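Just below sit the structures, each encoded as C-alpha cells.
You will see two complexes here that share subunit A, one where it goes with subunit B and one where it goes with subunit C.
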Partner chain A sequence: MTSLTLCHAEPRRLGPLGTASALLLPIAVVNAIGFLWPVVNLLKMSFREAQASGALGAGYNLDTWTNALTDSFTLELITNSVGVSLLITVLTLIASYPIALYLHRSTGTWRTVLMVLVVAPLLTSAVVRTYGWIAILSDRGLVANALMALGMAEPPRLMFNLTGVVIGLTEILMPYMILALLSGFGRLDPRLEEAALTLGASPLKTFWRVVLPLTAPGMALGGLLCFVLAISSFVTPKLLGGGRVFLLATEIYDQAIVTLNWPLAAALSMIVLVVFGISLTLYARALRRIA
Partner chain B sequence: MNAAHKFGTLCLLAAGLMAGPAAAETNLTVMAYSGLFQERYTKAVLEPFMKAHPDIKVTFFPLPSSAAMLGNLRAQKAAPQADVVIMDVSVSKAGTDEGLFTKIDETNIPNVKDLYPNARIPSVAGVGVTFDNLVLLYNAEQVKEAPKSWMEMAKAPYKGKVVIPGVPDIQGLGLVLILNKANGGTDYLANVDKGLAAVAEIAPNVQTWEPKPEVYAPIITGQAALGVGYNARAQVNSEQSGGKIKATIPQEGTIFQINTINLVAGAPAAEAAKTFVNYALSPEAQKSFTETMFYAPTNSKAEITGAALDRTAVKNLDKVMAVDWIALAQVRDKIAEQWRRRVLPASR
Partner chain C sequence: MDERPVSPALKIAAGLMFLFLLAPLLVVLPISFSGDDFMAFPPSSWSVKWYGAIFANSVMMNAFWISLALAFVVTVLSLGIGLPAAYALVRLKPPGAEALSNLFSAPLLLPTIVLGLALLLVFAPMGLIGSFQGLVAAHLIVTLPYAVRVLSTALANLPLTVEEAAGMLGARPLTVFFRVTLPMMRSGLVSTTALCFLVSFDEVVLSLFMTGPRLQTLPVAMYNHVDQQADPMAAAISVLLVVLTLAVVLVVDRTAGLTRTFVK
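Then we have the complex of A and B:
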C-alpha cells in the first residue's frame, strides 16, 4: 500500500505517517522473512507427529504439547532457566553499575581507553571466552591454585556446575549491561548531584534519592537485555555446566541434535518465546512506573 | 561453514553439469562426519576409489554429527544434493522411516552378501559400514596399568578425574547397558536399574558429563585420568599424542556403535552412488579404512593385518554385547529421565 502511494504521489505530499510507514517497510519485510516466517514454521513443527525413532510423521497432533506441559521436567526447566537468568542479570547489574558510572563521569582520552576496554571482550566470541574461564576455574586453574596457596585443603568445585555457568555468563554479559547503562545515564546531570549535596544530603542519600532513580531506565534496559541473552545462551551453559545444569536452551539442543525430537525442541523454543514476551511486558510496565 | 560448503558443493555440481558429456565425469557427493573421519576416509577410501573410477569425481560433504546430516537431508528432500550418507544407525532409522533412503540389499549392492549379520538391520535402509566400540580411556602417565574393570572409575584416587559423555549421548547410554548386564540385568528394554546403580557409584568421581569438544582432549592433557569414549577416535588420538591417551576393553565387555552407509532416495548420481557403496563395503576398502582409523570392518571377508588387529575389537568379538539400537530408541527418554533422578544427584 505504502509503496504504491510512494510510486504515484509526490513524495512531499506523504504525510508524516506515510513517511514513517515507508521507512519502516524494509525492516518490516526483513523481519517477516527473517523472524516471523521461521517462528511460524517452528510453531508448525511443534505440532508435527514425533515418532520414537526420531522420524517426523506426516501428520499433526497435540501429543508433544500435552507431554511437554504435563511433564514436571518442563516446569523444572522453566523455573531453572528463569531463576538462573535472573540471578545472572542481578549479578551483572551489580558488577557493571560502578564501572558504568565511573565511565560516565570520566572524560577525554581516559574515557576512550576505558570504553575500548569495555567493548573489547565483544570482539572475541563467547566460545573463546568460555574456554578462558575453563582454564581459570578448573581444578588446577588460577583460582583453585590461589585458594590452595591460601591454605584451603580442598577448594570448592568452581565449574562443571551451576557456579561455573553463573560466573561465566555474568562476565560474558557485562559489556552489554555497561553499554545499556551508559545509554540510560544521559539524564544524569552532575549539577543535580551537586545541588543535593549543597542542600545537605549525605553522599549515600544523594546516590539513593537522586542518582539511582535517574539511572533506573538504563538499569531496566540493561536488565531486559541481559535476561534475554542469559536465558537464550547455550554455549556457555553447555561448556561450563558439565551436564549437571538443565536449562531450556541446553535441553532444546539435546532434543534437536541428540534425541532428534524436533517437535519437542520446537515446543520448548516456543516456551522460551513466551518467556521473552512476558519479560518484555514487565519491562514496559517497569518503564511506565519509572516515568 | 555449512552454507559455504553447500555453496561449494553446488558450484562443483554446476561446474560438473556444464562440463557435461564432453568430460563424461559424474559428480558424486558423500555426506559424512567432519574432522578426523573426513581426513582418514578421504585417504583410505575416496582416493583409491577415484583412482579406480576416473569417471567419478567424489566430493566429501562434511558435517559434525548425524543429526546435522539428517537435518540437511530433510531440507533437501525435494532436490537432494548428496548421493551417499554415512551416519549413526539410529539416525539412519529415522531417515528410513521418513523415506529419505533407498533400501540396500544384495540385489543392488553385491558386496552386501559378505557383511556380518549385525551389519544388516532389517528396519533400516542402509547397511553397517563401520563398527566402533566403547572403550575405557586412560591417561598413560596417571594410570600405569590398563584398568581391568569399568568400575575402576569409581575408585577413590580418581575423584574429580573421570570424564563421561552422559545420557542421552550414546557413550553414557552404552556404559549403562554394559554395567547393567555385568550386574545381572537381563532385559535392558524393560529396565536398566542395575546399570544406573553402578554408574551412580562412579558419579561422585565424575568431573564432567559433558566433555567438550570431545572426551579425548581432557585425558590427553591430564585434566582427567579416566573416561569413556570410542575406540577409533581413541586410537587415532593416542597415535597423534604420542601415547598420552590409551584405551582398553575392560572385562565387563563393550558394545558396538554402528555407522551405516545409505543411498539417498532420488539422488542426482544414483548409479555412481551404488558403485561407490559397493566399493565402500568391499573387503579392500574395509581393510584399508580399518588399518587407517581402527574402526572394525563390517565385511567378514576383510582380512585385517598388523597393528590394527590389536587396536580394534576384531579379536574381542566375544566381549561385544549385542544392542538393538532401534528398539532402544523407544525407551531412551525413559532412561534419560531416570538418569537425571538417580545418577546426577550422586555427582553434584
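Then we have the complex of A and C:
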C-alpha cells in the first residue's frame, strides 16, 4: 500500500528535470568512479615518484617523463608500435577492400550470408582467433607442415616474431575495416563505372580514377579505426609475439603487472593517447582534403 | 542473385581474402578433435579426449562458471542502469543531454589497455583486484555505453502516438512505460541483453588487469593456458565458445534481426 502511493507520488513531486536527474544518477556514478576518476588519476600517476621497490614516493616530479622520453628503449617502442600499426593498417586495407567491394555488389540472401561471415569473427574472442593463428603459424602448424610436405627442409619461423603478430592482427582487424569501408561505399554508384567504361577507360583506369577516389572516405575511416585498434591491441602481440615483440601496449601491461613501475606504465599510456590524438587530427585533415 | 556483373578477378580476390579471414576459425574445429598430446596441424589421429579434458580441468570449469555469473550480473546491471538513462536522455531530454550521452559513451573511445591500467591503479589500493565486485565494475564501464546506445536508438524509433494515447486514456507514466513502451522495444532489449552478455563474456584485456590468481574468467584462463602451452584443449574450448556465440546470435536474429542490430 505504501509502496503504491510512493510510486504515484514520486515522479509528480520531482518534476521532469528531477526525474531525469534521478534516472541518470546511477550511470553518472558508474561513469565517474569507473572512467573520469581513473583517467585523471592515471595522468597524475605519471608524475609520481617511482621507487625501485615498486612503491610510490610521496612527491610529484617529471622524472618518469624525462627518463621515458630520453631512453632509447622507449623511443624504439614508440617508433616500433607506430610503424607496425601502420603496416598492419595498410595490409588490412588491401585484404579487406576486395571483400567490401564484392559485398557492396552482391544482393539478397547471398549478401546476408557473407555479412554474417564478416561479423561472426568480430563476435568471437581475440584469444580464440589468436589461438587459431598459432595453429596455422607454429612450427608444427598448417603452413610449416605444408611447406615441409612440399620439400622445404627448414620452413621459416612465422611465430614468436613480428611476422606472426602482423599476420594475426591483420586478420583480426579485417571485420572493422570491412564494415568501415562498406559504410563509405554508399557514394559508389555502379552507373559511374559503366559510364567510364563506355567512354573508353580500361577497367584498371576506371578502378584507379573512379572507384578508388569515391571510396576514399571509407578507406580513411577504416584506416583510422585499424591504426587505433592495432596500436592498443595487447592479446595478439603477447601470444603470437611470445614475449619477443616489444610494443607500447605489451610494455604498459608488463610495467604495470610484472615490473610494478606504475608511473612509467601511466606515462606510456599517455603516450598512446597522444598518438591517438595525432591520428584523429590527421584523419580529420585527410577527410577535409578528400571532400 | 547478383544484379550487377562482378568481374572474375574481384570474385577470386574476395574469395581468397574470405579464406584468410576465416582461416583461424576453420582450423580450430579439426584440431579440437585431435588425438595428439600436443598441437599439430593436421593432427596424426582423431579423438574427442580434449573435450573430456575440459570437464576434468577444474581451473577451466571454475573460470567458466565465474564468467557466466559475471556476464549475467553485468547484463542485468547494464539493463537496470542503462534503461533509465536511455529513457531520460531520449524522452525527458534534460539540458545537456547530448553532452551527457557523449560522456557516457566516452569509455569506449579509450583503448582497453589504457582503461585497464587506469582501473587497476584506482582499484588496487581499494583491494578490489581479484574480486568479483572489481570485475563487475570494470565490465560495466564497457557494457553500459553499448546498452545506452542500443536502447536509446530503440526508444527513439518508437512511435510516440501510442504512448500518448495510453496517457490520454488515463494511464499513469509508470504504467505507460511498463505496459506500452517496454513491450514495444522488445527487440532493442533482446539486442542489448545479447550484446552486453557477449561483450562481458569475451572481455579479456580489462579482466587481465582485474583478475588475481584465485579468481579468473574463462578468457583469462584461456589466455594463460595458451600462453604456457597451446595444446588442443584450447581448441575444444574455442569450439564450444563459438557454438555459444552462434546460439546467442541466432536468438537475436530470430527476435530482432542480426543485421539491424550489429550492422548499422
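The definition used in the following text is that the second predicted complex is superposed on the first by the 254 of 291 C-alpha atoms of A that agree within 3 Å, B and C clash if a C-alpha of one lies under 4 Å from a C-alpha of the other, contacts with A are read in each partner's own complex, and residues count from 1 in each chain.
Please note the rule applied: a contact is a pair of C-beta atoms (placed from the backbone, for glycine too) under 8 Å apart; a residue touches a chain by one contact, two chains touch by 3 or more.
Quick caveat, the model's predicted, so the values are computed rather than measured.
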| item | value |
| --- | --- |
| Subunit C versus subunit B on the shared subunit A, clash or fit after superposition | clash |
| Subunit B versus subunit C as contact partner of A:Leu123, first or second or both or neither | second |
| Touched partner set for A:Thr112, first subunit B, second subunit C, both or neither | second |
| Partner chain in contact with A:Leu239 - subunit B first, subunit C second, else both or neither | both |
| First, second, both or neither for A:Gly34, with subunit B first and subunit C second | second |
| Residue contacts with subunit A in the superposition, subunit B compared against subunit C | C |
| Which superposed partner A:Gln51 touches (first subunit B, second subunit C, both, neither) | first |
| First, second, both or neither for A:Phe160, with subunit B first and subunit C second | first |
| Partner chain(s) touched by A:Phe73 [first = subunit B, second = subunit C, both, neither] | first |
| Partner chain in contact with A:Ile257 - subunit B first, subunit C second, else both or neither | both |
| Which of subunit B and subunit C A:Ser138 touches, first, second, both or neither | both |
| Subunit A residues contacted in one complex by subunit B, in the other by subunit C | 138, 140, 238-239, 256-257 |
| In the complex, subunit C residues that touch subunit A | 1-4, 6-7, 10-11, 13-14, 16-18, 20-28, 31, 38-42, 80-82, 84-85, 87-89, 92-94, 100, 103-104, 106-107, 110-115, 117-122, 137-138, 140-141, 144, 148, 172-174, 198, 202, 204-205, 208-209, 219, 222-223, 226-227, 230, 234-235, 238, 241-242, 245-246, 249, 258-259, 262-263 |
| Subunit A-touching residues of subunit B, taken from the complex the two chains share | 65, 67-68, 70, 74, 90-91, 93-98, 160, 166, 168-169, 207-210, 212, 223, 326, 329-330, 332-333, 336-337, 340, 344, 347-348 |
| Footprint of subunit B on subunit A - complex, ascending | 51-56, 73, 138-140, 157, 160-161, 238-239, 241-244, 246, 254, 256-260 |
| Parts of subunit A lying in touch with subunit C, wherever the complex brings them together | 7-8, 11, 16-17, 19-21, 23-24, 26-27, 30-31, 33-35, 37-39, 41-42, 45, 95-96, 98-99, 101-103, 105-110, 112, 114-136, 138, 140-142, 145, 171, 174-175, 179, 190, 203, 228, 231-235, 238-239, 249, 252-253, 256-257, 262, 265-266, 269, 272-273, 276 |
